[in-house]
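Read the structure below first, then the notes.
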Amino acid sequence: MPGNILSGTVMESTVTQFPRCWPTPSSLANPHAISEAVSLMTSAKRPLVVVGKGAAYARAEEEVRQLLEKTGLPFLPTPMGKGLVADDHPQCVAPARSRVLLEADVILLLGARLNWMLHFGRPPRFAPDTKFIQVDICAEEFDNSVRGSVSLLGDLKAVCGQLAEALPTNSCSKNSPWWNRIQEKIHSNMAVTKKMAEDTSEPLNYYAVFHHLQQLLPSDCIIVSEGANTMDIGRTILLNKLPRHRLDAGTFGTMGVGLGYAIAAALWVKDNAPGKRVVCVEGDSAFGFSGMELETIYRYNLPIIIIIVNNNGIYGGLSEELYKDIRDGMDTTLATPPTTLLPSAHYERMATIFNDSGHFCSSISHLQQVTSQALTDSSKPTLINVMINPMAQRKAQDFDWLTRSKL
Amino acid sequence: MPGNILSGTVMESTVTQFPRCWPTPSSLANPHAISEAVSLMTSAKRPLVVVGKGAAYARAEEEVRQLLEKTGLPFLPTPMGKGLVADDHPQCVAPARSRVLLEADVILLLGARLNWMLHFGRPPRFAPDTKFIQVDICAEEFDNSVRGSVSLLGDLKAVCGQLAEALPTNSCSKNSPWWNRIQEKIHSNMAVTKKMAEDTSEPLNYYAVFHHLQQLLPSDCIIVSEGANTMDIGRTILLNKLPRHRLDAGTFGTMGVGLGYAIAAALWVKDNAPGKRVVCVEGDSAFGFSGMELETIYRYNLPIIIIIVNNNGIYGGLSEELYKDIRDGMDTTLATPPTTLLPSAHYERMATIFNDSGHFCSSISHLQQVTSQALTDSSKPTLINVMINPMAQRKAQDFDWLTRSKL
Amino acid sequence: MPGNILSGTVMESTVTQFPRCWPTPSSLANPHAISEAVSLMTSAKRPLVVVGKGAAYARAEEEVRQLLEKTGLPFLPTPMGKGLVADDHPQCVAPARSRVLLEADVILLLGARLNWMLHFGRPPRFAPDTKFIQVDICAEEFDNSVRGSVSLLGDLKAVCGQLAEALPTNSCSKNSPWWNRIQEKIHSNMAVTKKMAEDTSEPLNYYAVFHHLQQLLPSDCIIVSEGANTMDIGRTILLNKLPRHRLDAGTFGTMGVGLGYAIAAALWVKDNAPGKRVVCVEGDSAFGFSGMELETIYRYNLPIIIIIVNNNGIYGGLSEELYKDIRDGMDTTLATPPTTLLPSAHYERMATIFNDSGHFCSSISHLQQVTSQALTDSSKPTLINVMINPMAQRKAQDFDWLTRSKL
Amino acid sequence: MPGNILSGTVMESTVTQFPRCWPTPSSLANPHAISEAVSLMTSAKRPLVVVGKGAAYARAEEEVRQLLEKTGLPFLPTPMGKGLVADDHPQCVAPARSRVLLEADVILLLGARLNWMLHFGRPPRFAPDTKFIQVDICAEEFDNSVRGSVSLLGDLKAVCGQLAEALPTNSCSKNSPWWNRIQEKIHSNMAVTKKMAEDTSEPLNYYAVFHHLQQLLPSDCIIVSEGANTMDIGRTILLNKLPRHRLDAGTFGTMGVGLGYAIAAALWVKDNAPGKRVVCVEGDSAFGFSGMELETIYRYNLPIIIIIVNNNGIYGGLSEELYKDIRDGMDTTLATPPTTLLPSAHYERMATIFNDSGHFCSSISHLQQVTSQALTDSSKPTLINVMINPMAQRKAQDFDWLTRSKL
């Protein structure tokens, strides 16, 4: 763009205003396919509903909730499908995610796709004979990775309405063996999580940090999150009650988007939902991609709460000995693996650039205090650096990250 | 591709067979939008239906016919929408095309798009306040060029079924002023055409050639066509009775496709509809793109009837004097404009390469004779070169080719 | 391009004329590198010069000839390097091509590159320890495929001048064992070729056709050629005496270029070298790509001589029995392999389209007669279809086509 | 890249090591063109040499210095050509840059191109009849924008050797009117600059900052720089004594490269020139692109000196009143234009993240003290934030930034 164009002026009256794209017309699924889907769902022994971000984009919250509550079906949200129906809804089976994916015999995908986020719908994460009913707005998305049993093409909101009407009431009773099995797994998983969450010894672990944050955050806040463990574990503990209130690295796992998303959300809140808070939960490595955006946040005085969950960027492979040296402040420059960040970086001090003070928390009580204070005071940004155990990990998982199919 | 791969061999048992893409699920239009469409159609004073090739691809012939016959609406096919409902159906208003496009107040587009083939739906070819109801399978195709009044997203076949059911019987009476006006225009246009068709003086004109061909061609034949005037005029006179029986230069006006399409059609016929004939009507310039494919046609002995309508490739701008020189066999090499082809090229003689004889026709009676003979004998290809008046033109048109919008 | 732009008019005075690109400045090779090259060439036991089309583009004919004649070095032209120095020059060793490439210990590449046309400079076509001295205008072309010993970057014409000056006189004596060995191989190869060339029994073989054409064609004619065997064998027998007088499928082996090249050459001849003839030697399959361009040739009455060397497009794999059926005019449609063309296509009859008669030759005497006549009469195009033995092949080769490196 | 590939292991012995690209052969300019260039240079009344980064890449420092010192020609370095010959060389006429470009009648371009950095070689920045002699390694770079008088294609180092040998001694006498005119302009420009440099009143101006830095920086240090005014003014005052010791935004003006370049330079210094210092001079806006790279700098403890010349990112258009509010610490959030950064950001405090303390300087004496200290202590990084007058500008220029040609 030549400089004289960039800095030129025109008469506003001469500017052609192009209209926005008109709203997309909605379409419905074929009634025969709806019947097939109903028949398959009602004959299922271990049915499951997966709620994807397609349902959120389609603003189908009312229809999906009706469908679930009428039928009693268990459901699992995808990361950005969280909140379409509240995460604490009694039919949400997120705490037993791996188990239900593996054992379900019929899965209804609502705006969710069988890409890597759903392990491509294949063994070992799914049973080889799992039947999929997929609802999607895009015909090309059907039968990818695995052949679906029923394909429902149409507007998610409209099709969920069709399904909600056609599915029989209470088709998946709370007393069924399937629900019993799920509940059992939820309880045992939550017991493990609860134990870790209650372990507030220092250095802190992820579960303790997220559990105590969750107790404080308003249920209507917008949560932005990116990182590896920070995003993955945080997703399981930080609950969403409302649709479209979670922004994260998305289908392609793009890092560096967090602060930009948070700024956009805060500007939207300012005009559309004053008082609603934006909380940005960042891994320290993720924060390193776009941390300089703090200048923008302070310049516009956006009351975003940024919480860096700081494991020193150490992503596996750290010896116990090296960890102790880091903890004890030894010079570990040469010993730290090249894929890690500088141990003990006090990112909260970036706030001092803008004549503010950030917060360094290494205990739960301190984290609780500064978070409460930040939530009370919506007049300015808050930067919190929570130092956790560099050795902290997820609870034991049934499957490795990126488990490969046998296919 | 390395040569050793191209000529290599493998055990057939080791070849992985990938399944074809599964059939696309069909979707329906939103019932509210259907109601709006019905309401708009029934309140129209001068309604029109345009049947596009999208309807042919969707195999919606039964539903479209029901819709039309129940309502009595006039319809217009697009080039490759021809035959979905028979061109000689009493409700087909193709002979009054320009008039109905210009005067219709509500137009229902069935798998037809407002691109250049429909003059972008704008003045001067359409009234500025024309209302469009569009049925399409692709959401991105709505509201292009002009804002539609109702957008019906879904499978053409399914949505036409919805419309056929919802539209009232006989909503467009044959006695209405609109139908009277159309009939009047049809009759006056056909009178002009008839006069030109009956003018069998030599050199021949386009209308005489196509009119007498039409009388001979079986109504179920597959017509392939490309060229400029040859394709445009031929389209109005050569009628299609069956869906998907016309192949031409398509949405992008691609030249050079004719013989390839004809070969594909003939191979399909061989296996699927023995006895059905393929007739390939080519302008001489169009034939020049891919005439060498004749070798393939003769090699596989495909009984295609190729008719070159030869105006010496002269596309406008020829003086009366030069025309006479051409007619009289003078050396016109230096005088012919660079955009024309060699006068009097005897393309029919290409058949002699393959030890066959082609046919050169300069009179209607000879054309009738060789065409009849070719239709009787399906044992081999036929090549007919019909020499017409290099000055031959379309009948007077209300609008220039590629008339530009005032927008 | 919108139609109104294409057919619009402007005042010529308002048209901005952009200058052509200015001539590229020439550069010289580093004198140290020249010394290294000279030292390597003079110490070689079996030196060879390869003259590529880069030398032709650089118009380096005078410098290359001086270099060769001063030193006595044997040389080999690449296909479009042919004629830079006359093919019948006593130092041209083209008839022993495979042998000299394989046995040379030092090869000087003048505007020739080690791509597939030179077998990538690797075994088994070259000795593994061959040393290459490369002269090229493009730095990125050095050390591709194999590491060169000396790289001379610069304008081919200028660098050949440097080399011609620096190389000692008669560095490669005609009495050397290397020259003796080459001469011996040339004689034995030419004896084989001569025998095939003299076998004028019918159906004809390639060698007989090209040999007798070569005797007739003027040494300054422009030869255009494409095809597989037709181009490969023709190249070895049809000699070029002048630089830039051969156009063929080029580095990428592109088929379909022949008639277009011939038209361009004929138009150039018309303005720049009246009387010079353009001879276009086509395989029948190659002719099939762009045979319709004959219309352009006749329209502008360009006196191109087109010779189709017609082996019925049969490219290997034909049984003796099937050959006989073809010869005897049996219906072989179903039996001919799908990669072959129609047996016995009389392409010469295409001339009849334009009220001319082509020539069908199945004997040498007839070929001689029609070729002589065509050369005498430069008032019009000539189309000659020479029917050869569908089983005709190259003489036995030491290496398969596209022999693969062991690397 | 699948995770199992990224984290997989292989036997080192099985890894194929590909060789680096071999060094490019050098080429020389055509001796005739050299003669033309010499003739043109010696007949020039107001000759000028422009030394570009192409000369630096070609490592031509010795040849260029000889050429200049033998002839007495005035020279001007381009930004990354600085230091090829020392900036304080008596023949360097950088302080009179605009004047010499405008008045020179013959300009010798050594690896410099007539792109936007040299105002495309056109009026109003150059006289319309300026003659250009261009030395370049790339033939496509000649005659762009304006037609050159002599084009010398070849290796810069080799061609400068040719020129140095061919040009007569003392061809441009120090007593010539041209040199007198240049000296006069240098003195008047330097007087203005000197006055601004000596104005150490607070808030500081650019010239004072750079002048006093220049007095302290070791002459062999590597200077990395990016920004708008910071880079442009800094370039005129921070001198380079050695070739390839300046890295900046380059031909495409890419921002965000500074810290990455500094890290690379520091790692190179570590292994190749221990003790040499890397100084990174950043505008505050430029620092905002990649400031988070400070983590890498501290992690590897690279003794880079980062100096942020902080005008609050205000790039023109600030009212006197607003400036006073900023200075007085008023809340100016809403008033600052959207293209500016937050006033008074204390970027030096980023050092506290890493348990270091940065330096905030608003006076020359303080800047001198912390710079001296940083230069003494090479054991760690140093971060200095120099607050200057947000209204500070370049000295009055004869031409606007991005002056447009009349062409």
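Just a few scattered comments:
By written order: A, B, C and D. Residues from 1 in each chain.
One rule holds in what follows: contacts are C-beta pairs under 8 Å (C-beta built on N, C-alpha and C of every residue); 3 or more make two chains touch, one makes a residue touch a chain.
Here the structure is a predicted model, which is why all the values come from computation and not from measurement.
Among the remaining chains, not one touches subunit B and also subunit C.
In summary, no chain was found to touch both subunit C and subunit D. Of all chains, C has its CA centroid at the greatest distance from the CA centroid of subunit A. Note on chain placement: the centre of subunit A and the centre of subunit B lie 53 Å apart, centres being C-alpha means.
Each chain gets one centre point, the mean of its Cα atoms, and the points for subunit B and subunit D are 66 Å apart. Averaged Cα coordinates give subunit A a centre that lies 46 Å from the centre of subunit D. Annotation for subunit B: no residues touch 2 or more other chains. Taken together, the touching pairs link the chains into one ring where each has two partners. Every pair of chains that touch is listed here: A-B, A-D, B-C, C-D. Partner subunit A is touched in their complex by these residues of subunit B: 19, 21-22, 24-31, 33, 139, 142-143, 147, 151-155, 158. Taken together, the subunit D residues at the contact with subunit A in this complex read 2-4, 288-292, 295, 298-301, 333, 336, 341-342, 344-347, 349-350, 352-355, 401-402, 404.
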